[in-house]
Amino acid sequence: MQAMTTTTRRYTLSLSCPDRVGIVAAVSNFLAAHCGWITEASHHADTESQMFFMRQELLADSLTLDIDALRAEFAKIAEPFDMKWRISDSARKKRVVILVSKQEHCLYDLLGRWQSGELDIDIPCVISNHETFRGLVEWHGIPFHHVPVTPDNKAAAYAEVERLYREAEGDVMVLARYMQILSPDLCEKFPGQIINIHHSFLPSFVGAKPYHQAFKRGVKLIGATCHYVTSDLDEGPIIEQDVIRIDHSDVPEELVRSGKDVEKAVLARGLRYHLEDRVLIDGNKTVVFR
Amino acid sequence: MQAMTTTTRRYTLSLSCPDRVGIVAAVSNFLAAHCGWITEASHHADTESQMFFMRQELLADSLTLDIDALRAEFAKIAEPFDMKWRISDSARKKRVVILVSKQEHCLYDLLGRWQSGELDIDIPCVISNHETFRGLVEWHGIPFHHVPVTPDNKAAAYAEVERLYREAEGDVMVLARYMQILSPDLCEKFPGQIINIHHSFLPSFVGAKPYHQAFKRGVKLIGATCHYVTSDLDEGPIIEQDVIRIDHSDVPEELVRSGKDVEKAVLARGLRYHLEDRVLIDGNKTVVFR
Amino acid sequence: MQAMTTTTRRYTLSLSCPDRVGIVAAVSNFLAAHCGWITEASHHADTESQMFFMRQELLADSLTLDIDALRAEFAKIAEPFDMKWRISDSARKKRVVILVSKQEHCLYDLLGRWQSGELDIDIPCVISNHETFRGLVEWHGIPFHHVPVTPDNKAAAYAEVERLYREAEGDVMVLARYMQILSPDLCEKFPGQIINIHHSFLPSFVGAKPYHQAFKRGVKLIGATCHYVTSDLDEGPIIEQDVIRIDHSDVPEELVRSGKDVEKAVLARGLRYHLEDRVLIDGNKTVVFR
Amino acid sequence: MQAMTTTTRRYTLSLSCPDRVGIVAAVSNFLAAHCGWITEASHHADTESQMFFMRQELLADSLTLDIDALRAEFAKIAEPFDMKWRISDSARKKRVVILVSKQEHCLYDLLGRWQSGELDIDIPCVISNHETFRGLVEWHGIPFHHVPVTPDNKAAAYAEVERLYREAEGDVMVLARYMQILSPDLCEKFPGQIINIHHSFLPSFVGAKPYHQAFKRGVKLIGATCHYVTSDLDEGPIIEQDVIRIDHSDVPEELVRSGKDVEKAVLARGLRYHLEDRVLIDGNKTVVFR
């Protein structure tokens, strides 16, 4: 796939709609009529849900329309097919709000990728229920908000998280090993916008202490799962997963250590797919065009 | 590790006992006293179960004792440590009875490995609830027993399986995608002797149609699990697992196809570990010395 | 991806041509005009070679044209774009000629996949420079040809291989660990039709005894490479590769054993991609639409 | 394996010597005589080099000797076997000097692991030929030394690197994508102490721009190699390797991005093995006891 850091401006069209003949032709025709130079194109027809999914990446300069006109014109194509669609512009960086607790691995990983430009995003702020990483975050020039969460203040705390996210004009909220369960209310307000990394190969070992569960069961691989957060804990659409081999000699502390490496890699990949509009939600599953 | 096909005769000592100081010294001393040339040695102390596990591979010709004397002498070492132990002799091929239904992949795989000598075993017979593979098995010069299993004859059928296994003097029974659930009675008669390949990454997707379950959940990897059979379905000690990447475009039939490749590889590895006395059972888990 | 064994008849259009605006639209339009229901579609633009690659899978019954008319009509689209193209029909099984020597693993693997219908192909014959597998092959009802190869008869031997392949009306020749180097002449006569499995992760360890080379270098992973055969030994376009972890304790015989598992898996995947017209050659590289 | 962060004090004995009968017994006896509680033990006999390798991890408190006495006593065992040996003490943190240029991924990764205590090391300083990471390093409270390297000042620059390393009392020097080739002189002064991460799956793609070489060859996996530095560029003993899947759509910039994830994971694993005395050098190969 094209690197995110490629400097050429691109538009990315992604859409889903009920499947029928003629969708590809209609879209391709439309793009050709406006001289759109397609650098990547992916389709998928889900035979079970009877839905069709498409993603097209275009060189912005090849088009005879500007992005507003493109969107206005495309709306006419989309309407008869009942499409849900979006056109993203690589010239506008996405705004990623990171939530973190006291574990460092995903945060360091994301900051490193942001620092080098590999992740071509803005990080308007980091929110944490602990002060642990204030120094590191602020050293990077990123605002840090400490929002403590206690058994008694959850409603207020999540209201504050929501306020900060809206204030930051966030496009996506990343739970980078944020060890709190968001309220169902918050989850439902931002469907397909909240990304979590769970430290097991779901659906195995839902809930707390998955590495200890894995140790007890004696599995030979452990994993991590990047998924959209819904109000059903650990049940949202899966974006990416991976595993690593362990053996009988690995105590739970060792599983935690090995697992961190998988977690940060899986979160980084899942987030990138999301940021590049490669992930389309299909009920409780995802289509990931890589 | 040493190849199984290495022609040099070897003895393999494997043992487990409650952990304490001095086990390694006692065993090493014993072996050194009899001039045992150790080609492989592995230990493991399970800090949870407080058990100690050991495996030693020796060049048979280096010893000043024959195998019977070796066993008699070692029994004296083992007794004060309360060891469960075994000494295998590479000169005696293990006898593997294969159970199969109508899927070919594990059977072809095992026959190929046996034909080439990679698996240095005897296959005294293949048992199946279908006639499908009689020709292939008999062409290889291996007796084939058709033992139909119906809802009404299960007790009699499994009695017949047991009879055939005992008659064949089997050391291990391999369920090579044998699509029947053995009776608890049979499972309990042969603990640590019956090896199954389950077509999911356990503990995910226990029971029937795991690939369809995986498809429905939208996971991004599917797997297979080789485990000892106990009377708890799909809950026995896991020997080996592996996974393969899938994506949204893979329909359940495709998962079945991809999964077969993982199944046969995982079964072959798990079986080999077992045959080489690399697997020691630790409660509902395994120690696998590779 | 769609399973090969899916019984619905499909046409697969694959093409390559110099990249320019309008290719996708022209093809999509054409297919829509003839009511083609697209079940899979993939594109790729190679920014280096400036070539465009496309693959479309269609439900045969959705089209208003039969396959001959489809080909005739499509030729008119293809001509102005200077396309190299092909339309395959799933109703016509491809004919795969297998060449083998004395190692069993790839042969058993392919025969098992063919026997179960997973590989929906015809195997008109197996050719070998040894008699080893005559019995197994003939038991499967497949003609077996023994074509000995000696230092002195190579020209005649490869002429005979060619004759048998032509007589069998082969679509693809698979070197399933055929331990002979085909003549440059034969390689050049069938570009993109001869598939080899090399027992190393190319470009490492070209030539003879790659596992021994790997052992000597002390690598921590070994691999296998499925590639099209050209007259440059082990230098043809790579279709598929994979690796497996080894460690210091693995002697060369063990590498050979582990490697066989990778070889047969990689060959089976590469062959399947080829058979499903997923592989398009791009100079000395391949585009593989999965 | 045991987690490095386990707080219980441990001694690690590692040794190599010509192989013969009685080594294990001698060492085990010695340890048992001093009541050493062994938590991990690994052996390896290299049949080619005829060398024997051993690693034992002991609970420090279980011993009746202090570490100086242990070393003095063990020397008597080691002498007749001509052992090269070392006893490490987990209570003494190893001192890791990091060399870096302008790429961030390995540095962020190592700093994150150090910050969290996962790597239980001291980082006495970071040395770089660029100023890029002074801020980040110093924010972590670690001294940063800018040692520019130009075509004209190499001898002086590497003399300064050596001076800083000695001044820091470094145990190991990590080239965390340090884009300079150390002088042979420096390499030879610190055998088995300098660890590099090379951005290819060696021995493929030695030297400069390996990802571009990989792109040109059309491989389907790319990798990284952690190895000891010797005066032969990219030819030193390999400690750890891994790969990641790519496809035709990945341009070189994308390979660089994907590869970084492998590089940092492989370096972190290789470094940890080294720090835990799991790596023993066997000619130009390594024994890695995991």
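Chains: A, B, C and D, in written order; residue numbering restarts at 1 for each.
As a convention for this text, contacts are C-beta pairs under 8 Å (C-beta built on N, C-alpha and C of every residue); 3 or more make two chains touch, one makes a residue touch a chain.
Bear in mind that the values here come from a model prediction, so they are computed numbers and not experimental data.
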> At the interface of chain A with chain D, does the proportion of residue numbers present on both copies reach over half, so same, or stay under half, so different?
Replying inline: same
> Which chain's C-alpha centroid is most distant from that of chain A?
Replying inline: B
> Cα centroid separation between chain A and chain B, in whole Å?
Replying inline: 41
>> Taking the mean of the C-alpha atoms as each chain's centre, how many Å separate chain A from chain C?
In response: 36
>> Where in chain C do residues touch at least two different other chains?
In response: 40, 249, 251
> If you look only at chain C, which of its residues touch chain D in the complex?
Replying inline: 44, 46-47, 201-205, 217-221, 223, 237-243, 247-249, 251, 282, 284-288, 290
> What residues on chain C touch chain A, complex-wise?
Replying inline: 21-22, 24-29, 31-33, 35-43, 45, 62, 245
>> Looking at the complex, which residues from chain C come into contact with chain B?
In response: 1-3, 5-6, 40, 103-105, 107-109, 111-113, 115-116, 118, 135-136, 139, 249-251, 253-254, 256-257, 260-261, 265, 268
